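I am attaching a structure below and will ask some questions about it afterwards.
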Amino acid sequence: MAYYNIKFFSNSLCRHVNFEMIIPNDKRDDQPWKKPVPEGTPMKTLLLLHGYTGSAFSWIEEETAEKYHVAIIIPNGENSFYLDGKATGHAFCKFVGEELPEYVAKTFGFEICPENTGVLGFSMGGFGALHTGLAYPDRFGKIGAMSSALIQHEVAGMKEGVGNSVANYDYYKEVFGEPKDVLDSDNNPETLIDKLISSGKKIPEIYQCCGTEDFLLENNRQFHAFLEDKKVEHIYKESAGNHDMVFWHEYTGKILEWMFG
Amino acid sequence: MAYYNIKFFSNSLCRHVNFEMIIPNDKRDDQPWKKPVPEGTPMKTLLLLHGYTGSAFSWIEEETAEKYHVAIIIPNGENSFYLDGKATGHAFCKFVGEELPEYVAKTFGFEICPENTGVLGFSMGGFGALHTGLAYPDRFGKIGAMSSALIQHEVAGMKEGVGNSVANYDYYKEVFGEPKDVLDSDNNPETLIDKLISSGKKIPEIYQCCGTEDFLLENNRQFHAFLEDKKVEHIYKESAGNHDMVFWHEYTGKILEWMFG
Amino acid sequence: MAYYNIKFFSNSLCRHVNFEMIIPNDKRDDQPWKKPVPEGTPMKTLLLLHGYTGSAFSWIEEETAEKYHVAIIIPNGENSFYLDGKATGHAFCKFVGEELPEYVAKTFGFEICPENTGVLGFSMGGFGALHTGLAYPDRFGKIGAMSSALIQHEVAGMKEGVGNSVANYDYYKEVFGEPKDVLDSDNNPETLIDKLISSGKKIPEIYQCCGTEDFLLENNRQFHAFLEDKKVEHIYKESAGNHDMVFWHEYTGKILEWMFG
Amino acid sequence: MAYYNIKFFSNSLCRHVNFEMIIPNDKRDDQPWKKPVPEGTPMKTLLLLHGYTGSAFSWIEEETAEKYHVAIIIPNGENSFYLDGKATGHAFCKFVGEELPEYVAKTFGFEICPENTGVLGFSMGGFGALHTGLAYPDRFGKIGAMSSALIQHEVAGMKEGVGNSVANYDYYKEVFGEPKDVLDSDNNPETLIDKLISSGKKIPEIYQCCGTEDFLLENNRQFHAFLEDKKVEHIYKESAGNHDMVFWHEYTGKILEWMFG
């Protein structure tokens, strides 16, 4: 397994940033029992999105990346909800959904298309997986959204100057835009669903899950209901679990098998 | 010379971030001609601030860090101008001026006090050096400000929705706050000077320089004039040079000798 | 949790090398439910040794490092078995047992003494944990040796020019010294035990374990028998398991509780 | 400019190792004055070899890598003189001359052939540049050898157990093989020259230089004389200078222009 730490200039973020990659492209001569991937097998790619307060890291075991022959792209999302802010250099959605996949495709020769490419995250990264996949359906074929921080309705109801226990009003306004405009904006995954339906475009396949002890359970049930209502086929799973790595490890296995198995 | 890449949780930024350090604390047995630093010599520290579009890196040679027995703290400033934004997790001034020095002091046992500590930067980092040093005069004794992006007057005059060739209005508003309030706010180094004078507190020593071909020359002359006007003792140097590493290498040598020689 | 990647000049290895550290010394304001460590609590330290073909990495969860207030030192052992080779720059035992702990103690102010310090590893790193702990009993109080590659008797019997399926004769000779001298040399943990007994010095506490499906099971049983024979108190555990991370994760939890609980 | 830090499994070294790369393949939208490289321009590659006691680092400015459109491969040579030792996992020549170029070619799609590829180093890395280039002339078209540690004759004369002020006899024997066999072995760049001449193969172009104050001046003059004697066309430069980065910066500029200009 090869681990990459890459610093490059991002035009979306207007600065040099680091991201990480895991690429199963080194063949160990001392492990002859591992069957080599047949020559010409395309590398799949997975965009992996961390949660609020986090930074680039992988919670996927290297055996898994090898098994599915998938390269993992791991950006730093910086509490951005993977959305495009209005200020110059805050285009995080463009960064993870467009610039990074294009740079990776160009650099490594991977074909980043719906057949080969998924996006997975938890919490803020679950929101990001849904949002990014729906914003770039020509690139991402499958979305894994775990314990997603689908807080757009809460943000939409925020009163000037009043945030919540996580962050202040200015933060939410900067990240999501004017609260009153959030629901109708492209920052709302529901809006993106509506637009894809209207345009007749193919919606990426969705695997959504949430633990029954998770404080975001209601938000996830609502989004699930929204998808039902709109007749968007998707997988929705609830099971015992909290907002933690135990739950995410469990479902990462299931989702990767669903994505690439 | 020891090079550190450190990821830790920053409370000012509400997330895990990386910063770098250079610490001259490994003694090579194969270089007996280098006199060891006498036991008990306190380590000096230098906060090193990069420019707009940049990220953590050091342009200081290891011989220099050894010569002055100075540890270098190198944060990622992320186009923040090293200012405290209003949104949760945007407290970059607090980050570089308070949290990072305290973490470093606690972790490595360095005494970060005006006698031992300087701050140096170029361009956005020159602005940051002035601002951070003036905001935390109990910590920083000397400020090296090269080709500083002292753009607060330009920002103060910005009209709603109209940015400049570098960035849009939203960016400047997010970084500096409401344009109309900038000059009176603590985001303006001049305000900090005025406050230090009023309070009778000691102002850190300042070494300001700018190349005569630099597009920021006028901004630097104005700040120099402001300091003259306020009777703040400082060194001001102009010489042939542009807004580039050639000029900054030249003056880094001079400033470090002035700071720690 | 703070993650360190450090490059410094090693006198034992005569070159610049990288090592990693994990230090639980960043306090998150957004996790008020975590009780802060009482002021003045000494940081414990754990030297963590990877196996053959590996490189510096931690398989210990950050919650664990926090729980026991232990800093983890993670060197690159480079297939050295953590032994001192004869050639200049091959002093890996001195590197991990002496130079690195001293550098860490000096840099971070940790007290690296038997009461505070353990060493843990698996496979080649299990051998290394035993060897390093027994070679430096004034520094390491507890040894965790998982599935240890206690191959000194096999190496001792090697015929000139004949290696095994893992590596050639030259490799073993370089790492362990002349095969015929291995058993009597300080590269043999049994010799170190004998010397500690003769000198009346305190032997570090030992926790040895091995999976019943492990190809190194016999080697571990023999070392266990040796300890029994020499009346060296120690914990020895066998249970279902293979030579893999599943087994090492299971026992890492048990051993850390035994070391620092 | 993009900076890569890559960890992968090396079959030559039988373990996970890190290497670095610099690749000029990120295009900054904010620097429209920089002409983009025409579509389809092949990326050139440069293997960059550090000296004794060093580790992977680049002393080449990013402007230079951009100017010549060259990707730089920067391995950790670990005091190996970039030679194949006899022990399993010590095949450093194979590592830098074969495994690394092949991995890079496969991963990034670069064509690593004499027309596109150079090797450059100083001191031990100058020796390595000559040796690697001459060992793999089908891959490296140009060799830049600065202040090269052409110590093979000194090593050949070493008496059992007697090293020199740099390292002990065991080190030299491990790195170069039995002293008495060194000159006739493939570890001697002169032998490689002889073999290339005999076989009628094309010898890579050579740019050799040394400072007149360098302690390795005589070694370099002897190799220069050897090349003259063998009628191998090459550039040889002597000028005022010592065994230090000042000299290497000066000649790196000249050599890169010669290689890729």
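Here the chain labels run A, B, C and D in written order, and each chain numbers its own residues starting at 1.
Here is the rule we go by: a contact is a pair of C-beta atoms (placed from the backbone, for glycine too) under 8 Å apart; a residue touches a chain by one contact, two chains touch by 3 or more.
Model, not experiment: these values are computed from the prediction.
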| item | value |
| --- | --- |
| Equivalent interface positions on chain C and chain D, same or different at half | same |
| Chain of greatest Cα-centre distance to chain B | C |
| Angle of rotation relating chain B to chain C [CA atoms, steps of 5 degrees] | 180 |
| Rounded Å distance, chain B centre to chain C centre (Cα mean) | 42 |
| Centre distance in Å when chain A and chain B are each reduced to the mean of their C-alpha atoms | 36 |
| Chain B and chain D: spacing of chain centres that average the CA atoms, whole Å | 39 |
| Residue list for chain A, restricted to those that touch at least two other chains | 7, 9, 14, 30, 53 |
| Chain A contact footprint on chain D (complex, rising order) | 1-9, 11, 14, 23, 25-30, 103, 106-109 |
| Residues of chain D that touch chain C when the two form their complex | 7, 9, 14-18, 52-55, 78-79, 85-90, 163, 166-168, 170-171, 173-175 |
